[in-house]
Amino acid sequence: MPVLELRHVTKRFGGLTAVDDVTFGVEEGELLGIAGPNGSGKSTLFNVVTGIPFGASSGEILFDGKPITRMVSHRIARLGLARTFQKDAEYPDLTAKETIALAAIYGRGLNRRAAAEAAETQLEAAGIGCARAGMLTTALSVYERKQLMIASALVMQPKVLMLDEPASGLTRPEIAALNAHLVKINKGGVTILLIEHVLSLLLSLAERLIVLNQGAVLAEGDPQEVIRDERVIEAYLGGRSA
Amino acid sequence: METLLATFVSGLVLAALYALMASGLSLIWTTIGVFNFAHGALMMVGAFVAWTVSEVGGFGLWPGLIAGVATTTVLGVIIEYLLIRPFYGQRNMVLITVMTTLAAMIILEKSAQIIWGARLKQLPRMIEGDISISGAVISAHEALIVVLAPLILIALWQFTNRTPVGRSLRAVGQNQEAAALLGINVPLTFALAFGLGAALAGLTGVLLGGIRFITPSLGSEPLIKAMIVVIFGGLGSLGATVGAALVIGMAEAFLVLTLGLYWTPFAIFLGLIAVLVLRPNGLFGRS
Amino acid sequence: MSILRIEGIGGGYGSVTVLRDITLTLETGENLGLFGPNGHGKTTLLRMTSGLMRPSSGTIQFDGRDITGASPSKIVTSGLVHTQQGNTLFGDMGVAETLEMAAFTKRARAGATARLEKVYALFPRLAERRKQKTRTLSGGERQMLSIGSALMCAPRLLVLDEPTLGLSPRLKEELTEALIEISNSVPLMVVEQDVELLLAVTDRQVLVEHGEIVREITATNTPDHAEIVAMYFGAQA
Amino acid sequence: MKRRALFGTAIAIAMVASAGLTMAEVVKIGVLAPVSGKAAADGEEMVNGSQLAVDELNAAGGVAGYSFELVVGDVGEGSADAVATAAERLLGDRDMGAIMTGYASGSNFEIEMMAEQDMVYLISANSSQTEGIISPSPDDFPTVWSLTPSYAGYNTEIVPVIEGLAEDGKLDLPNRKVAIIASDNPYSKGIADGMVESFAAAGWEVIVNDLLPFGEINDWRGFLAKVRQDPPAVLINTDYVSSNAALFVSQFNEDPTDSLVFIQYAPSVPEFLELTKEQSSGIVYNLLGGVLNTPTNPRAREVLDKYKDAYGNEPGTYGPALYEQVMIYAAALEKVGDPSDHVAIGRAIGESNTQTAMGAVQFDPDTHLAVQSNDGIPIQFYQINEGNRVLFYPPVYATGEFSEPAWMK
Amino acid sequence: MDWKLAAGLGVLLILPFFVTDSYTRHLFILAFVYAILASNWDLSLGYAGLFNFGHIAFFATGVYTAAIAAKTLGVSPMLTIPLGGATAALTALIVAAPVARLKGIYVVLVTFAFSQVLLQLILSQSHITGGAEGMVRIPALQIGDYKFIRDFKFGYYYVALGLLVLSTFYLLWLTRSPFGKSLLALRDNEEYAGARGISIMRARVLALVASAIFPGMAGSFFAIYLRVASPEVLGFGTLSLVLSMVLIGGIATITGPIFAAFAIFFATETLAGTRGMEEFRFIIVAVAMILVLRFAPGGLARILQVFQFKKNRVL
């Protein structure tokens, strides 16, 4: 049984259909890649699944067998479906440690002391040293902020982690480090959905790849095959290239 | 029957006034995204300046009207330049400008108190005499407002929908960057919108000055009324604002008849909260 | 003579540097294409060119005049017209109204009627939907309206950001034809993901990566498909 | 740092306040008045009236060896904290001999603050609130006195006056019906309730008895429409806000009914005539404790003229009232001699019998209000007639005759 | 607690022994009340980012709770103070229902409309509230045999100071707790916070309720102290005065609005005592508010902070 399942999910904004009848399942322990050109609806799909903004226009989303289609985002998070954001998401007035501890308290229901300990563990795993942990998040580097966002998701001990372009803005060595980190997380038993524009990262990590175009699933399957699919190349690079 | 007609006429007068009060507020909100708390105070200044020119200066009503409107227009541009412009693009701009325009309201009201004092003043009416509409009598001045209000609003509508400059106001209100990329000078448009909104406030103030008494707090009740109208209509378009003015003017007149003057304001505020909770985008707003 | 000369442009948002030292020239009669991965500074470059952002270093000259740091409306008035990426129109305005208003500058107002006819001829779909409100248009129609209103500004250089974003292949085809036709009368600078479209519409293409121009493609060294894929997705695709 | 500076200021204020431990040759007289805000016109008059008296007393060489200095406490819009703070400031001044006001809070709660510190406090308006506070234990308030008599007269006197006019043939009453509208505040509502009772007792039919929320009224047409359906012989409006009353008059005039129009208090405000012009001709109002400007009370003209000479405009009620309050205090100080003996001065005021611009002032020991009578402070009925205020009742003071309003003929 | 707050508290504690005149003590008492209002407003405005324009309504609820309970129902005045906190919290719960779902300008409008409805209610239910004239002769405070009336405000001073100290401790504790941090998180990045398990609705409702308790108690104290309840508390005047204290003091600082309340209150009071300055003082405060928004958006507290090192905070 898939841990996360989307059935005919559609989301409309006015005259625009941002997500168009999307159906797929994610198996437990899997690392599923999601690709597609700009504006193809990847982030919107993530938003719909995690309840931002509230509710799909039609269709059904099941997590762990339970429907979450009409659930508010904090409940979905507490069920064990965690996500990151593409844009720089942080709390300018909180430190790195506070950011993670807060997720442990609210997302997992730990008390303050346990949350502080859990935060320290995560900070260590994310490679954010003690000295930096007490700094305001705005003082951290781009790489550290990306790691922080992942750490604040992991501290909730999610079953499924949805990553929205974690590699954007990173340098090559940083991408390599991220790659290793994600492998470790996945090996640790966390199912991962990965949206990524850095195709090298996506192709090296994903066991299966879904390509979206104009809000709908264009292709699905083995990454190396999908990437050679004519329709995919056409969607990305334009018609006459095929 | 006669009572109903009288109530209807009285509702019409209220609706016309409310539409005038709210149009400037609505224009500034839709163009700049600023909720101008100084709107009522600008009405008051318009009335006082008109009074000073026409009564103290002895120049007559029309020069007074022109002076009142001109003064509020200039004040509007100044408020935009000093209290709104520095905050464009800030994350909490809507809320910061609520506070700065609130400060402007205090400054204008207190200055008026210092300049003109607290004694009641009144402008002469534009036209003297009463008009009887099959039994319902209103003053000719109010009849003039009932006629004038739609004309002003139609002119405003024509301006914003038919002229390039007017259209640019709407364009800036809907998408500032895209407007800038068509060659529209956005800061200038903001100043224009604020000046125009303030001019409408000034004009409303001068008209009010003929039926109410001019005091430094002349604008506080119209401000709240204008706010209710704009919220009721939905913070969107001029049409919605006018529609809401009609609904509220009529509702008020008929509520006074049935519920009495006593409970009417309470009922209207309760209706307002209900609208805000059930339809945050207003009665005629898009959801 | 060059119509656009960008020299040593750098800058970004706050402390984040997006562009580092970009130098580009667009000769008269030439169409230029830019491509490259997302988030590497193409859009920022266009925004600086049209005055929406101020570069922290470098200069931009349009038609021999320095326009660095000038206001967008000044730049439009001088004839450099920028069409933004995505859905950036006036939702509550009608199609005809938007086009009429788009001829806002004095220079654009002269001959607006003739240009309107041209736009309708170029995009017959817009002519069919004259009265319709923008928010009810489809993605492709909105894109046409964006380009149409840019044409109404009487451009002497048209800068387009991802004109085919989110369009179906059929619409892409239509749009490409229209762009080729436009490029006959107005020089273009186009940012586009679809490299094939760039190759069809523009004479010269540059690859922008990490805020820098890393490669230039001209008629003499047209890359094959595999090369494009490699440039686009990184080495090991 | 900031905090320390603040304390510095606070302590400085305290030291200044307590500087004069021995009574100086100057006695301070406080005025609690709405100098800023909506009622600033009244406040200005209060300050002017008392300043006029202080200047006059000082020019005459002072009283009992003391000269006077005026200190103003601004109560703004009359909010409790503003009134309390202004009162505290005046009370905290050890040279303060007495505090005067027309009205400060509307509820007169500050009376208790004054009594707690035995401060001489003379007040003009809101006598029913004053009565409510003082009459349960008048001995606790030896220093507080009100120049306005009990408002009971407002409730009762109107019926005999109107019936008297009808009997004398000066007024033709088409029926014995009355319509009354009041604003929701103790003054207006209390008077309306009293009138309803008096009219009913005299066998009148009260056909409309409405209540309005207190505040600005923009439209009376709804109420007037109701009145026009069944026109009463007497139409009474007890909303005392003058702008509301002026609007009432102009909207009544749009389609007048065959009714005598009576408006409480508002027509006595100076600008009411200016605002309503000829439209108010025929309107009737009455006053308790207002200026009794009639040949048999020359003092009124004298005070009015002085005020006009000093400030250039004719005052309403509060200018002359505050002038007289200071004078009454000065007379009591003359008698007692020691400005620091507030209780003795208070008693002296309570025993005084003075001819003032409002009539002869004598105080009722049970309520500490001035006594209403034709020999003391009379109730005055006025009719506005072509821009003039005609005092037509009581006959002893009358300056003219009542004439039937034009719309009733 | 840092040493400056302790020193300030120490000075305030011994002050009444040196300042014996009741006027100065009265000023301090009112300054304490304003400080409570401003700092609690800062909790919902600064921390929760809720632009609540009806905060004065909580204060007014406390005022009328005390007036009605003590005068009409005969409840002991001392008890009305916690009672006011409770009714204000209840009021906040009612306002929170719509506010929790709204954003931006709509929050301003709903809360403002709410305070207007409350005003209309007070005006219209005059048989209970005294209507426009308010209620007077509310029983004074008395603890055992100690009467607060004739001690030159010595007792009232300490009651007010006690309330302010309690309120400040409460606010500092709350804003440094995970709940306080979750408010900051929501304010700055609602989607991110929601995706980390923080309930937006719950946090907003709690923030409003938490910010209403002490203003309610301060309102009750205010009514008992002045022995009067009148609807002017709901006017634009009080609203803009307290708002200026929050903004000038610096939002999301708690102590900033407290200092600003002292500074502004004493400054306006000094001006009020100067003849001819009665109207000017409001203009000065308004101008100061604009200048702070324009040139020092963090308020006075942030200006002072620039000169000291930011301490590491641990959750």
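The chains carry the letters A, B, C, D and E, assigned in the order they are written, with residues numbered from 1 in each.
Keep in mind that, in the parts below, a residue touches a chain if its C-beta (ideal position, glycine included) is under 8 Å from a C-beta of that chain, and two chains touch if they have at least 3 such contacts.
Since we're looking at a predicted model, the values are computed, not measured.
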item: Chains touching both chain C and chain E; value: A, B
item: Label of the chain whose CA centroid is most distant from the centroid of chain A; value: D
item: Relative to chain C, chain with the most remote C-alpha centre; value: D
item: Chain pair with the greatest number of C-beta contact pairs; value: D-E
item: Chain centre separation (chain A, chain D; CA means) in Å; value: 75
item: Whole-Å gap separating chain B and chain D, where each centre is the average of the chain's CA atoms; value: 37
item: Centroid spacing, where centroids are CA-atom means, of chain A and chain E in whole angstrom; value: 43
item: Multi-chain contact sites of chain D, meaning residues that touch two or more partners; value: 36, 184, 213
item: Numbers and ranges of chain E residues touching at least 2 other chains; value: 120, 124, 279, 282
item: Junction residues of chain A - those touching two or more other chains; value: none
item: Contact pairs between chains, per stated definition; value: A-C, A-E, B-C, B-D, B-E, D-E
item: Residue numbers on chain A that touch chain C, as the complex places them; value: 14-16, 37-40, 142, 168-169, 197-200, 203-204, 214, 227, 233-234, 236-241
item: Complex contacts: residues of chain D adjacent to chain B; value: 36-41, 43-44, 184, 210-213, 216-219, 221-223, 225-226, 229, 242-243, 246-247, 250, 253-255, 271, 274-275
item: Chain C partner contacts - residues on chain B that touch it in the complex; value: 161, 164, 167-168, 170-171, 174-175, 177-186, 237
item: In the complex with chain E, residue positions of chain B that touch it; value: 35, 82-83, 86-87, 94-96, 98-100, 102-107, 110-111, 113-114, 220, 224, 227-228, 231, 235, 262-263, 265-266, 269-270, 272-273, 276-277, 280
item: Chain A partner contacts - residues on chain C that touch it in the complex; value: 16, 37-39, 86-87, 135-139, 162, 164-166, 168-169, 172-173, 193-197, 200, 225, 228-229, 232-237
